Each structure stands twice: as structure tokens, then as C-alpha cells.
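Per-chain numbering from 1; labels A, B, C and D assigned in written order.
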Amino acid sequence: MPTSAISFDSRMSDPFTTIDQFIKGLLIGLGLDAAVTDIVLNIVGAVVLGSVVGAVAILLIWAERKLLARIQDRIGPNRVGPYGLLQTVADALKLITKEVLIPKGADRYVFIMAPMVVVAGVIGLWAVMPLAPGLIGSDINVGLLYIIAIGAIGTLGIIMAGLSSNNKYALLGAFRTVAQMLSYTVPLILALLIPVMLAGSMGMSTIVEAQGSVWFIFLAPLAALIFFISSMAEVGRAPFDLTEAESEIVAGYHIEYSGMAFGMFFVGEFIHAYTISALFTVIFLGGWQGPGVESFPLIGFFYFILKTSVMYFVVIWVRGTFPRIRIDQMNAFNWKFITPLALVVFMVTAILDKLVIEAGFNRTAVHLAANALIVLGTFFLLRAHAASLRRRLEVTDRPQVQQPEAASD
Amino acid sequence: MTVPQIIFLATAAVTLIAALMVVTVPRLVHAGLWLILALGGIAVLFILLENGFLAVVQVAIYIDAIAILIIIAVMLTRAVMSDTDPQINRMWLASALASLIIMAGLLVIVSQAPDASRGPLVDAEVGLDALGRALVDVDGFILPFEVASVLLVAALVGSIMVAMTPTRGD
Amino acid sequence: MVPLSWYLTLAAALFAVGLFGVLARRNAIAILMGIELMLNAVNLNLLAFWRYLWSDNLTGVVFIIVVLAVAAAEVAVGLALIISIYRRRSTVVVEEIDLLRW
Amino acid sequence: MIETISWLIPLPPVLAFGLIVLFAYRSNRISHILGIGGMLIAWALAMSTFLYAVSGGELPVSTEIDWLPTGDTALKIGTWIDPLTAVTLFFVAWTMLAIFVYSVGYHNFGKALDPKDRAGLPPHAGGVEPMYSRFFAFISLFAFGMFALVVTDNLLVLFVGWEIMGLCSYLLIGFWYGKDSAKAAMVKAFITTRVGDVFMLLGLVYLYSLTGTLAYSEILFNPETLERLATTPSVLGPGTSAAALIALLFFIGTIGKSAQWPLHTWLPDAMEGPTPVSAMIHAAAMVSAGIYLILRIFPLITAGWHHGEALPDIMVFIAFIGAFTALLAATLAVGQNDIKRVLAYSTISQLGYMVAAVGLGAFVAAAFHLVTHAFFKALLFLGSGSVIHGVEHGAHETGDPIDPNDMTQMGGLRKKMPLTFWTFLIGGLTLSGFPIVTAGFWSKDEILAEAFGTGHVAVFIVLALAALITAFYAMRQITLTFLGRPRSKAAEHAPESTWTMTVPLVVLAIFSVTIGWAGIPKGFPVLSTLVPNWVHGFVNATLLEPTEALEFSPIPLLVSVSVALGGLLIGYLMYRRLEVGAPDPLARLGRVYVWIQNKYYFDELYDLLFVRPAYWFAETIVYRGIDRRLIDGFLHWVAGLTGILGGFLRNKIDIPIINRSGDFIGEGIKTAGREGRVIQTGRIQTYLIVGILFAGALLSYIFFLL
């Protein structure tokens, strides 16, 4: 993990820096070396961050179950605790007490390591997440690149699970997952490059600070849409949940997992979805930006949580209302539609960014207009394609009395 | 022993052991996983050398792309070579000898190098900005950068052509 | 403070290990892995020299980027070739790929 | 302006030739559009030049540029427009244009290609000529040669144009190369004219060696040069001057080209080509070029001679040849039944008049007769072509297997082909010298007057006699062809020709009548006061030392009128009632008629004198003696020796020594490879190991032991 600790250049009014300085002073006063203090503080910070994120998952699962139930006109969990709040805790207890079965012929160590890798890969993302002004695990200048790099570690865990289970459904599920994740990484990265261009940096806090006046979702709505869709596919949430499609391959790569090993995958998926929401917030919705942050940085944290939760609601909403797509549709959608679109948006934004440099109303208007133009162009292209498809269908549907000239049309 | 030295030694040990496992374990899937570990160790060493950018790039390219590709290739070709077959050919002793000779030669050279025992420069950390500009600067490295991109496109097209399933007319 | 020679020694060892993999493994994919190890040893050397001797000069970093690109291309083409051979001849053992041998 | 035009005159036809040959040969229409278009442009340019000349423009117009560098000096190429050039351009352009247009109809343009027709044979009946576009290409090249010859300013380019026309006449006489007679005729024409050309080339070389130039301006119009040439003794001996020798050599060229005795035999045979070609050769271009040459070198011929003095030997010789040829050919023309052959001998005869005129120093009379002759002879030939065309058509329609050229099978065509008849009649009368109205009367009369006036009574009598015979055979031809009753079914059904053929006839007929009025001699009763003698003044301006116009004398006029009318009358009376199958009334002359019919056995004589000895020499001496015995024998001897040597080398050296050692090397390498290939495992890993071990050993040697 990065050696540079929590940023020191925050204003003295910053509460988080004050806390940091206070703890550091305390430890040094206890007789510890300054360098060792840094390391200790880093470790403590990482543990706290990871634990909190893990604990949040319990809340997330409850929220999702409740919301899904509402969407499906049910009530959802309501027996354990107030509003069924402790339902997930009960489920977790059940899973922990169950035995973790390791199938015969499985690759034992890899089998056990796989869920850990998945969860670790997701939690690792939070290291560079700017939670509030000055509150960030590590403000490295290649934050987005780090997100991409670490985010793909989850793929590795899924491969490991699929390989080690010694089960053909697991292997097939793993293959599907890898194919899906690797393909959707392309539009994901292309979409992420656009805010990088607009902000002029890959550092996460710089990106947030760049959205002080205008959120990037207004500058690059298409990029936001592409990012949202492809990150849904990365996570494997509905409608891209064909990696664990019960009707086709039973449960996908985690078919052989039981007990808390399965629970880790389960938790990892929910955290991942929440992480994606947080990322969307940071990159396109201005992160902790909001009224009053200048004077009271602590409000920024609540803004961040609020925006992330709204995004998470959207994710659940999509899951509850969209049907699952087929694997060929998944691939075709990626390579034939969303990747070219991302390329076009990327190029247009790059050119515009070069032409209209100074921030302000002009910049927003120009970028919005360009996005609208691209949407219109895409719409007409799709209509033309649909028309040609329909014509071809009509030609082939014709009875056997085919004219020889008809073939040349 | 300072903290960086401890971190270096630990990482180096992990990396070397992982590398040795890569070339010796009979199960290729495990070799692939060990390879990931070794590459991750290299990434940590990159951070120790205070170039976070290259470390992240190392993870993104080697672990996310190359290693996963290798593991998939192993899975695709697993059927023909069972893990109980010998994975090392008959000349392994000669190979080891050759490798040792190379290593010995390199170590001899390292030991005679004048700057071998020096420490890192103080004014480190060339900014990411400078690197980015140098890569697209006409007076900088635009040629290697563009050549690399052309090479990647060529490799992409070439690998698709090579691995494409032959059509019926073929 | 870590001396430069530590990095160089580690890189030499890593290079030798990778070379052994290239020379001794029978599986073509394992040979590719060995090549990757060797390339990483080189990268480590390059970055160490950059950090210890020429950190005001970007040549070392650019060199690493080029090596990364070459590695990616090499793996892509190499694996494509191996899979193509596997499809036609059902083997990935280099000793059995001897169609052109006398 | 006029300088540019003079350069451009020859170019359109040669451009048309190139375009037709390279691109347009598939399309008959485009071919003749190109050919006639090129000719039309050349015609327009020539006419503008002529108009410039006659409207009092400054003459001569002369331009030149360097062509071939020859050491210090350069051969020049240039143009030269003087009155002689102008009048020559005038008749050449008009007659050629007429011939081009006429060819369209003559070759049945617009009709379908008869599937029986083959390239190289005349079309059977009414079909379009299979080699239509080739014909236009050839005559375009022909026109280029003539124009180049006329407008050039030096004798070398004149010779080039001369030879281009020689080539074109060869190609066109043999246009229907499928016929054996055409093949023989083309070879005969080519070789016979070559005889003259060789002498002409000798003259050129001699002239160049003496003066170092071939330009007109420096030889013909430079009195100093002429004086020097006239006084320099020639290589033949002190009695002859260089000028005379050169003139003689050039004149031999003219004899060949203009078919004067004794090289006249090729011209009647040249009738084998299509009729427009005959007109081209006989009127517009080929033979006119010969006369043009001696007119052009007239200052050289007459160097050192002044008007009124006794003629020098060379001029006497020229006059003799001309007069003799005129009479000889006229008598031959009488005996011919082939309509075109009559005209061919008539051409020879008329050319004889011109040559005789030159020999007598009558420059203007010769040039005048050249112009009028070109028009009326072109008219006669084209008219005869029209007749043949009609009769051929009739023959095809009725299935009557007659020779369409045979006059004895015709008769009565006056009703069938009125336009052809009237124009042909005008041509025939002009040829005979019908008094007053025809151009031929004025020009021929001027030659006779010159001969009489200068006191050369012998020449005068010969020419007058020839004129009588000319009138006779002209009338004989008209009568046999057009008057009386048809003597064959074919003649009964002959149709009139198309407009493309008749329009040129009419144009030429108009010129045949009117052109003569430009040359009414001074002192002629009544008429000379109405129309001044324009030709004499204009053409005379060509010469540095103009010839004087003669005083008018009634005697030659009366003789001329009487012989013309008399000949016409005799001809009409003798032939007007010739019946089918009846013998020619001339047959009553007995042995003389046989001689005439056999052309005085000139062909046989030449065969005996030149052809057979040449064959004998080639067969016996060259082939049997030199080729077979000497050369082949030597070669056989060498071959035998080589064979023996080769056998020795093969059996004693090649097989035992070289082959064995080669085999040994090859087998050795094979064995070594077979044994050594086990080293090649094909495994890169092995190679790498070996390589690294060796490299390590080498490096450690360098590192530690050195």
C-alpha cells in the first residue's frame, strides 16, 4: 500500500487532520519513532476503513431486500428486529456457524483463497475514495488508474473459484464472468478517461475538487451513462447477472461454496455494487461537494453518503425492473454499440476540451450540446439499422417465387 | 536495518520464492497464480522505488491482463497435458547450469560496478505531468510511444487472425 | 536506505530463474511465463537505475512503458499461436511441435 | 503568320495517319472523318498560302530551323513559299481533297461488309472495303509526303517526301495484295522508281559535296553558286560541267518518278491499285513530284544558258526524252482496251510534254501544263473509276462475268451515268486540247508555241503528232465508253454513282475548264484583251532570270487546233458504231497493232536484259557458287572440327574428371548432412542452452583469462 499517509496540507480547521495530528502526537509521546508511527497509523486506518465497509454491507443487504420487495409488491424482511433490521445479522450468524464444504478433487488452497481475493479487491478500492474534504485513505495522483487496476483483481478471484471447484458449472460461470468483465473494461476505461480529461488529473480528490462549480454529469452525461452501464456489467448485477444465471448454469462460479465462504462472495457483490455507486458519485456527482462544505468539512461526508445511497437506490431499481439479457446480446451490446459510442464520445470530448479551455457556462453548454448531438446521431443510426434489418427480414420472409433481381437489392 | 530495507528484503524473498515456484511447480494453474504473486512483488518494489504510476500500471497490465490471459490459456489447453506428466525436460540440469552461469556473470558485473552501493537520489518523483508531456512531445518520446501503439494494434489484429477458428472453406 | 546493488542482485536472480523456466519447461505456456519473469527482471533493473542514477531523465520510465507494450503484444500473439497450434495438433509441448524437423 | 501556316501545311495529314493507325482503325467512320478532316485543314492552310501569294504578298517566304547537326554546320529544315510552290499547292490541295472525298463513295462507305470479302482483295459486289481505315491512313501519309515535298526549302527534305511517296505508292498499288498481279505491280513500281532514286541520291551527294548545302536559297537562287557550278568541270571529264551532271542525275530521278522512257513501264501496271490511288499517283502527287523536281532545279539545268542561245547538251537530252516519251506513250495508248491503261499511257505522254517543255527552257509552259494536267487527269481517272464502279455494280446485278475495265464491253453509258459522262467528256476534251474552252488547249498550245517559236521544229512536229494521236485516243475512249449502244448486260444496268463520287468530278470539271483562262497567251485574238495572261507573270517571278514571253504566232495555234479537232473527229468516226465482238478497227494496221498491244515489248526486253541476268546471277553465282560451296563448305568444316573437339573434351575430360569430382563433393556433403543432422534437435531450448554455455565460456575466457 502507498507509503504517503493522510494528506497533511489540509487547513487547520479540518477536523480529520486535527484528529490525525492528535493521535500522532499521542503515539510519539508514548515513545514511538515517527516512521513507525506513520506505518501504524496507516495500518489502523486501513483496518478501520475495511471494517466499516464490511459492516455497511449488512445494512446494504437489508436495504436491498426491502426495496426489492417493495418493487415486487411484497413487504420483505420484517420479523427480526425493528423493520427487520437484524435479518441480515441473523443470516450472517447462520452462515458463519455452517461448515465450509470443500469438494473432493478441489484445489484446496485456491478454493479457500478465492472469496478472500474477491472481497479484498473490492475493499481495496476504498483506499483512494475521497470521503470528505481531507478524508481519503491515500491521495495518490493515479487514483483512477488504481481503481481500474485493483477493480480487476476481483476477476482473478472468480477465476480461482471457477478453476478450483472441480465443477463444470463453476468453470463455465467463471469463463462467462471473465469474458464479461474483460470486455466491459474497455468502455469503462474509455468512459473514465473523459472525467480525467475534464479534471486534468487522475487523482480522486482533484477530480472532486474540479467539480466545485459544475458536476461532470452535466458536462459528460453520455460518459456517465456508459460508465454506469459498464460498471453494472463489471459487478455482474442485473441485468448483467448472467454469470450466476440460475436457469442456465445453476449458480455460476460459486456453486460449490457454502457457509461463510459463500457469504464472502455474497457480501463482496453487495459491497462492489455500493463501491460502484460511490465511484459514480465521486467521478460524476461531485463527491462530497455541496453547499456549506467550505466552512464545515464534516458535512461533505454526509453529502457523499447521501449521493452514494441515491445511486445505490438506482442500482437496485434497475435490478428490480430489468430482465436478464442473453450472453450474445451482452457481447454484441458491448462491442458493437457501447465501445464505439464510448470512442466517439471520447474523441469529441478530447477535441472540445482542447478548444474550450476556460471553465464556465460556455464550456458546459458546448459539452452538453456535443453530447446531445451524439445522442441524436446514434438514434438515427440505430433507426437506419433497424430499417435495413426489417427490410432484410421482409425479403427473406417472402415466399419461394423469388425474382432474380430481388437478390441484388 | 531500516524500515525500507525490511520491506525490501521481505518483498524480494516473496518475489524470488514465487518466481521459483513458477518455474518448478507441476500444476500450470498454480504456476500462473505464483506468477501473479511474483508480479505483485515487483509492483511493490516499484512503489519502493517511488514510482506509484508504474506500480499501478504493472498491476493493471501484468496482473489484470497478462496473467489472466495466461491462466485462461492454461485452462483452454489443460486437456492435453495432465499434471502428472513431467513438466521439466531432460536437459533441466544443463538449463540450471546455464542459468547459474548467467546469474554468476551478472553478479560479477554488479559487484564490479562503481555505483553499486550508492543510495537513491534525493530529488526524486518526476511528476506524472512531465511523463505525459514527454510521451507526446516531439522532442521527447513520441516515436517510441507511437511505435508501441502501432505494435499493440498489430499484435491485436495478428493474434485475432492467428487464433480465429478456421472457416469451412479453409 | 536500500543500496542499488540489492535491486540489481534481485533482478539478476529473477532473470536467472526466468531463464531456467524458459530453458527447462516443456509446456509452451510455461515458457511464456518464464519470459515474463525475465522481462520483469529487466524492468526492475531499469527502474532501479532510473531511481538511483538518472531520476531527472525520463528515458528509463519510457523504456519500461515500451517493454510493457512489447510484453503485452508478445503474450497476445504468443498465446494466439499456442492456441492455434493446440487446435491443429492437440499439443502444447514444445518437443512435440516438430513438423519442420528433419 | 504565313510562316507558321507554311510549317503547318503537311502536319494534319500525318497526324490523321497516326491517329487512324493507332486508335481509330476499328471505326470506318472515324477513320475517314480523321482522314478527310486532316486533308481539309491542310487544304485550308494551302489555300490561305496560295491566296497570300496571289494577292501580292511578299515572295519568297522562307523559314528554317536547325535539324541535324553535322559537325560545324547543321542540316536545316524549313519552308519555302514562292510562286511555283503556291501554284503546286493549289492544284495538289484541290485534287487531293477531291480524291479523299471520292474515296468514301468509291469504297462503298455505309454498305454492310460482304461476308465473302477478304482483306487484300477487292470487294466482290457493293460491300464496304474491308481495309477501309487502312486506305485512309495510307493516303493521308501520301498527302503528307507530297505536302512536305512541296513546302520544303531544301532538297534533302524534298528527297524524304519523295521517298515517303515512293513507299505509299508501293503500299497502295499493292493495296489488294491478295491479287498476284497487284503484288507484281507493287514490286515493279517500287524497284523501277528506285533506279531513278539512286541516281537522284547520287546527285544530292554530289551537290552537297560541292556546295556544302542543299537549301534552295543557297543553290538555286544564288547566282554565284550557279555560276561556279556551271563553270566547274564535272568528274566525268572536262567537257561537262558539274551543274549539268547534277541536273542529269536529278533528271534520272524524274525519269523514274514521272515514268519517262525508258523507265515508264511501271506506271501502266500501277493501275492495279484502287482508282483513287491511280488518280493520286497520276495527277495529284507522285508523277507531279517528278515534274516539280525538274521545275524546281530549273536554274540548275539552265545554269550558264541564257534565253535565245543554243541549247546545251543536257537540255537537248531532256527535250529529246520528253518528246520521244510523249509520242511513244501516245501511240501505246491507242491500242489499249483497259479504260485505266489508256489514261495511264496518256499520263506518260502528257508528262513527256512537260519534260520537253523544260528541255526547251519553257518554264512557265511546263508549270502551266502541270497544273491543268493535274486537274483534268484527276478528273479522268475519277471518272473512269466511277464508270468501273457502275459497270461492276451492273455486272454483279446481272451476273455478267465481264472485266469492268474493258471498254469494248461498255458503250451507251451516256444515258445511265449522265453526270459521269459530261464530266468525263470535259476531261477528255481538255486532254485533247479542244480549242478555246478547255484548259488543256491553252497549256498544250503554249508548249507547241514554245517549241515552234524557239525554232526546234523537230520537237514541234513530234509533239504535234503526239497531240493528234492524243485527241484520237481520247475520243476513242469516250466513244467506246459512253456513246453508241451498250455492248454488254453489265453496261446496260450500270447505275450512276453516289454524290460523294460525283461532286468531286464536278468540282474538277469546273477547274479543268476555267484554269486555262489564266494562261491565254499575249496577242491571242480577242480573248487576250479580255483576260490578261496572269500565269506567265506570276510563275515567272519564281526565277531569278525570267523567261521571256514569245511573240504570238498563228502557225502553232492553227496546227494545234487542227490536230485536236482532227484527232477527235477520226476517233468518233472510227468507233461510234463498234458492235459487240467486232475487232478493233485499228487491227487493220496489222503487225504495228500487235506491237502496240504488247507495248513494244519493253517489258520483255527488260526481262531479257535485267531480270533474267539478275536471276541467273543470283542462282548460279551467288547461291550455288558462293553460298553453297564457299560459305557452307567452310561452315561444315568448322562444324565437323568442333564436333571432334567436343567429343574429345566430353569423353576424356568432362566425364572422368569434372563429373566425378563434382559427384564426390555432392555425395560427401549429403553424407555429412545425413550424419550431422542429428545435432539439429529442432528445440530452441537446446540451442539456447548450448548458446548460453558457449557464450558464458567465451565471456569468462575474455573476462578472467585475458
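In this text, a residue touches a chain if its C-beta (ideal position, glycine included) is under 8 Å from a C-beta of that chain, and two chains touch if they have at least 3 such contacts.
Remember, predicted model here, so these are calculated numbers, not experimental data.
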Touching both chain A and chain B, which chains are there? none
So which has more C-beta pairs touching, B-D or B-C? B-C
Centre-to-centre distance between chain C and chain B (centres being mean Cα positions), rounded to whole Å: 6
At what distance in angstrom does the C-alpha mean of chain D lie from that of chain B? 92
If you average the CA atoms of chain A and of chain D, how many Å lie between those two points? 100
Where the CA atoms of chain A average out and where those of chain C average out, how many Å apart are those spots? 33
Which residues belonging to chain B are in contact with no fewer than two other chains? 57, 89, 91, 94-95, 98, 102
For chain D, residues that touch 2 or more chains besides their own: 685, 688-689, 692
Provide the list of chain A residues touching at least two other chains, using ranges where the numbers run on. none
Please categorise the chain-chain contact pattern as a line, ring, star, complete graph or other. other
For each chain, which other chains does it touch, given as pairs? A-B, B-C, B-D, C-D
Of all residues in chain B, which touch chain C in the complex? 2, 4-5, 8, 12, 15-16, 19-20, 22-23, 28, 31-32, 35, 38-39, 42, 45-46, 48-51, 54, 57-58, 61-62, 65-66, 69-70, 73-74, 76-77, 80-81, 85-89, 91-92, 94-96, 98-100, 102-103, 106-107, 110-111, 113, 115-121, 123-126, 130-131, 134-135, 140-141, 144-145, 147-149, 151-152, 154-156, 158-160, 162-163, 165
Could you please specify the touching residues of chain D with respect to chain B in the complex? 685-686, 688-689, 692-693, 696, 699-700, 703
In the complex with chain A, residue positions of chain B that touch it: 3, 29-30, 33, 36, 47, 52-53, 56-57, 59-60, 63-64, 67-68, 71-72, 75, 127-128
Using the touch rule from the top, collect the residues of chain D that touch chain C in their complex. 677, 680-685, 688-689, 692
Residue positions on chain C within touch of chain D in the complex are 19, 22-24, 31, 94-95, 98, 100-102
